[in-house]
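Order as written gives the chain letters A, B, C, D and E; numbering starts at 1 within each chain.
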């Protein structure tokens, strides 16, 4: 069997980097251990280069199990870009906190290896292994503040809920296999389409599979781990969980929903639509009462997942235009979400690391301490809410656009919920913004020293948020070309 | 009802009973041992279904190592013994949820696969499996190796005793600004030295 | 051989695992329950492979079961490590004590 | 400048304030005075440019788009960067730059707590770009961006420099407006797909109209209606306005009343009517009824106010009711009236808010009872100005307020597009109630004047030295004062410019 | 030939310029700006005389009209800035500029020392401008502008002494009451213009076109009735007709020259003028005519009664104005176009005279009350005799202007009565009755002021020249102006010929056929002849010269004598007690013992009239109508409070805030799902999965 090495070059590059990091960590001592971060960064850049080279290609290897097309490339670039940003916000955090740096970066990279395989995987088995590769290092990273009860608790909750949902998913997968006799996504779709009659058990199996990804994307009612885990983990890990891990979940969900179970869309679409409604409403409503910024961001990210689930509710079997639009909307939203949410976490890290502050009220007067950080947070939060001229607006726009491609009553219902929720969300986003800018600062707050890397990341993301807000074409030109099933 | 079915039924009864005992046993070690029995029983069902290789792997990996791992885990954590200690307040909830799940799933399974029978039971040979791993499944396999490495390193990282790097920031002055608890009332009961809220770290170390 | 037997056994074990996961207080026992859930899926896969699709070239059912065994083992290790760390921090492995974070 | 080719002029005028905001942002905060002067310079240059644009505008072809720019922008969704200006845009555009300039001038001396002119002026300049852009964007997506762009700076303006209830007011303003605009966005998208022409161009869509089913027209119009009606604001979507106006700093109130509210009417006229004519016809009676309820209701609320600024704020509800009555008439005269009322309200109420702001600075209260009258004795020039503007606001002929109100009622008596056949009686009733509204309007303004201006000043102020109108106030107010008179005497200044454009618009509506 | 007419726009413009000039430079001039006003008004006056001369002598076939397209209004309609000069305009020019000029001159002395002297003159000029603008307007919209400006100026001048709350209230009351009438006017104008738009006119407000269309029968009856009734509502308010006259007496709060201006020339006449302007439209509908006539009749009688019980001289005059305006309105209502505007014309002069005279008296005794005066004839001779002239004119004493004009009104009523029109009878008989009332209260006032002892606390002395001169001029005019339309006027040069266009002529007496013979005859007019001028006029129209109606003359004389005598009985010896009623009681007894006739008169005429009718009228005015007005005000305010506090703040805003609150409430409940217990999370997760499985099975 011939292997298309170029197709998996990014994965290989990242894997090699991970191993290099591990090796370097063994040989470095003391402060020198900080150097693993740049090594990881370099490796990521190499992977990005390889991925960029693949742009425009249509490749399939490992017997069609692994596919590279524009969709996959966009996703991979999203993951690798997020990785770079997370490396940037991690550096000082882990260097100063006396963590196991080398191991952290190794685990992080391993997790991202799983992620970048995700959008290319066209086989349930590969998807499963990739998902676990994303998850297992994440379980450990969540517990990396070893002496912290919060961190241990975060890891335990994350782990237990994660394994439970994986078990449910596996049960579902086993049933799907029983129905179709294959784990190949396209094969499953073909078998289901051929079977004609739809057994309730098959639908149940589909739902069980959805649960596994629902956990990753923290959809209601699989979201319970998210706020606790984000709050307890080291903050860069929380950022990674909130963005990259969630994106990976979406990558998997897109693949199974729009390839494997596409013939069943008429059944699962309404269910996912309802989940979307529940997710965004519950996430937003609970976020209203949060006083801890990280928990607020956590619930906000739950709500954001709800928005991203809306396009799933629009899917219809055989309706290529609608389904493509839905996939593109999700993809667009994910990219926008990555930009703004990592940025928000970046600012949170900058403030928290220096002052230990995470309570909302203590963000008062941040604007006087650090206008850059306050400005950054403002832009990110407004973007999360969807105010112009930020990329968040276009993310919502993309979803509405998908919903209106071919209007159904259900789509209208979803839109109404989207609108109402967008407004609710602004309640708490504005609360933060207001606190930062309009309230009086506390006495004796130390000045923020975010450090070069973090500042750079925040600035880049902030500029990105605004630039993409003005020229969303930079993303949408790419996403609109992508079609999930082009070579699948 | 063929011979296979009869044998399977016996093994299944054994496995199911052991499983029930695993989750209800009042004694930690008994629970672990019943788990071993359950896992072995599962290996037995594999054998009945002619999945010899898998049965072997099951025995080696699970009965041989995982169950032992759990025993070690139990011993290391010196958990107390007795039902009250072992079961939480959620037993009723657990019963309802798992019972409902079982009823729903088994109803669906019976209605779908109720009449399905295999005339003869035959599995792929070990050779087929071996070839398949390195022909069709090489990518997940390699990825799995990465996963196992990460799990290994991670497990060590978390389980090892501290000797320097601990994920603990340097103890420094602490800023208490807000009069409201950060997450919940238990926050102030934290053991000293806990890293939350994070402390002001010096620019360099 | 009847297919429904192994399937029901798998379902039963799975649900027993669910029960254990929710009801058990000791974290290690919870972990044991989780393992049981994971392993029960294998019965399904093997049954489908050997009873329904014995001729499938890619052997995906058994292969999946193999991978699940490996991953489950890895998760058991990681889970135990997390529990050990937790135990070291608060000298208890009771899952219901772990509720510092809520709301 | 050649209006056919000088699209750059519009682009420069539009983005100059934004660039200026960036420039202000990098100036060190300690250069307080320089920052304020720089803002005056930026807005001044921008205003000069707009004057030049106005001067070279081809008034003979005011129905056509001039100073156009049309380049691809977001190719994936076919959105284009399409700017232009016709007779409807021009007065509003001009007003935006004038008011912002005057506000910048005013700010050189007056800035509420907590000061910080850099942030304030930078926000104001951002706001300027947003407001101005709304009036010249001819692509729905671009329009929406400018529309929303306004929210954020205004939110901060109210929230940071506002009155005691600024937190509540700012959030309310933001959420309320946002709520409507998201529905509007959904409607825009629906229009895009229903038209099926892969274009967001307002012109192109207007030419294609009507399209889609009747149901589509109704729903799409409803979405757009929500967005614009909240901004206008129409009863019963007005409750954000009194709070926002009352709490906003003077400059914020001026710009809110002077320009922001205009965006709603402009949107109705520019987008909702021509693109969704059938929906518009169906909604017209409802708009008319809500408008008249707003007129009566706003006036009644004014009568109940004890706070000068809040009274002025509520008066906007009534005045914008007249504007919307014009829109509801669905004929050329009605739209003319609506647009004139827009401009007039912008100038007059903007000026009233200036006065209310200065009043507050002098008396440190806005409670009518505390001021207690006698202002004409204490600070006579100021009192005269208040009388003048109040009288203009109550719609006295010869001043700007009259033309919008009268023409709106006049137009509503014979609504266009066949509405009259079905709803003639209703519209007659609307006119009568609107006319009664003018009495109520006169009532509350006279009452205000009586309680603030007339009589002898109470003891607590008698010995207090209060400044009469200061030089900087004369500088920043005189243009508005003159404009109030000029528009009243020469309504052709606005009617004439708009005439061809409105006729053009009615062509799309089939009227 | 029409040189001056081309420049007619200068007439209103000059006062406007003077307003601005006074405001700008007045303070620095020696005369504090008054000289500017006087010069401008004088120029306007001269111009008006010229225009009147040209208009009257030219015998224009068509009114002189010039207009500019001032602004498009959308839909191809335009707003014109235009002037319409015809006899009516010229007459109003004369009246307004004359009275205004006199008031300007008079005010120089009267207002001397006022702190807002300059402002006062500026406003006077503006007031004059506004009225002239209304008069010259060639379209309803422009007229409306003038009309509203008149209202504003009256507000500003009535509340001139704004330090006092009662004065502020008076100004507000005037403005709001007339503004209320303006609702009708505005809507009426809109209705009529809508009718014109329906006819395809691009200038839907144009008066000439409107009148022509109405005469040609192109306008629907509905439009005319609705439009004119609404416009009449505006006139009712502006011209102080019942029941919207309530603002007029209060308007006495302003300086007396302002009262003169308001009552004689610039404000209350606006309504009559507008009705006259629209007479061709009015005449199309019997309903409208009837309503106008009835309102006029009610006003002329009950308004007059109210004057009986006043002590304040200005209020007596004010109620007399109400009554006289009632005559004019009633005349319009019975087709007496010429009668109405002729009365308007003459009334302007003598009412201005009376007010200025009153001002002179008030200036001298520092009180408005006639009970504080007495014996002024000796100390203020010029004021005395001019005031008497004015009184005679007002009372309609033969050979004064008021006599000729009031008789015209009565004759008009009589002519229509002869056609079987009830309102004609009403106008005639009630008009006569009111003449008695008018004479009585004016006589009472004169006796109390000029006869008897000086009851004031001051030593009254004659006013200065600047105040007396206008009185004299106006006194002359109060007599002379009547001869423009009297048996002494020539056939060709008389008021009617000057002011009534041929169209109006025809409409005025449509029942007079081409032969010149009235088809029927009125009670008194049976002997009168209407001269046909068809043969000698170039336009083939009807012109009439009034003939002596000796029967009417006799009745008028009797009424006058009876009223004066009656008044002399009670007031001829002055007012010994402060309370006139008590004094009347004593006088009654004396009268009863001597003349049974007196007693009868007192018991059955004076007592009922004074004590019952007048009190009822006063009561109705003060309690019912004022009560309604006040009640409406209070109700409005209550409605306002309710709207704001309950509806706006609770319901609508409460709904908004309630949504936010309930979101917070839900949030607080919902967040407790996050119990912190991981096993509950797991249970919820599994339960959620079960629900999903069941749900999707249900979807299937």
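Before moving on, here are some points about what is shown:
FYI, a residue touches a chain if its C-beta (ideal position, glycine included) is under 8 Å from a C-beta of that chain, and two chains touch if they have at least 3 such contacts.
It should be emphasised that the depicted structure is a prediction, and the values quoted were computed from it without experimental measurement.
The most distant chain from chain A is E, comparing centres defined as mean Cα coordinates. Chain pair with the larger contact count among A-E and A-C is A-C, by C-beta pairs in contact. Between chain A and chain B, the centres computed from C-alpha atoms are 26 Å apart. Chain B and chain C, compared by their mean Cα positions, are separated by 5 Å. Distance between chain centres (mean CA atoms), chain A to chain D: 42 Å. The geometric centre of chain D is 39 Å away from that of chain E, both derived from CA atoms. In chain C, the residues that touch at least two other chains are 7, 14, 17-18, 21-23, 27, 30, 40, 47, 49, 52, 58, 63, 67, 71, 74-75, 78, 81-83, 85, 89-90, 95-96, 98-103. The set of chain A residues that touch two or more partner chains comprises 125, 129, 132, 136, 139-140, 143, 146-150, 155-157, 160, 164, 178, 200, 204, 227-228, 231, 289, 427.
For chain E, residues that reach two or more other chains under the stated contact definition are 671, 674, 676-679, 682-683, 686-687, 689, 693, 697. Those chain pairs judged to touch are A-B, A-C, A-D, A-E, B-C, B-E, C-E, D-E. Chain contact summary for the complex, chain B toward chain A: residues 104-105, 108-109, 111-113, 135-140, 143-144, 146-147, 149-151, 153-155, 157-158, 162, 164-170, 174-175, 177-178, 180, 182-183, 190-191, 193-203, 205.
Listing the residues of chain E that touch chain C in their complex gives 671-672, 674-679, 682-683, 686. Per the touch definition, chain A reaches chain E in the complex via residues 156-157, 160-161, 164-165, 168, 198, 200, 203-204, 206-208, 210-211, 215, 220-222, 224-225, 227-228, 267-268, 270-271, 274-275, 282, 285-290, 424, 427. Those residues of chain C whose C-beta lies close enough to touch chain E in the complex are 18, 21-23, 30, 95-96, 98-103. Put simply, chain C touches chain B in their complex at residues 1-9, 11-29, 31-33, 35-36, 39-40, 42-43, 46-47, 49-52, 54, 57-59, 62-63, 65-67, 69-78, 80-85, 87, 89-90, 93-96, 99-103.
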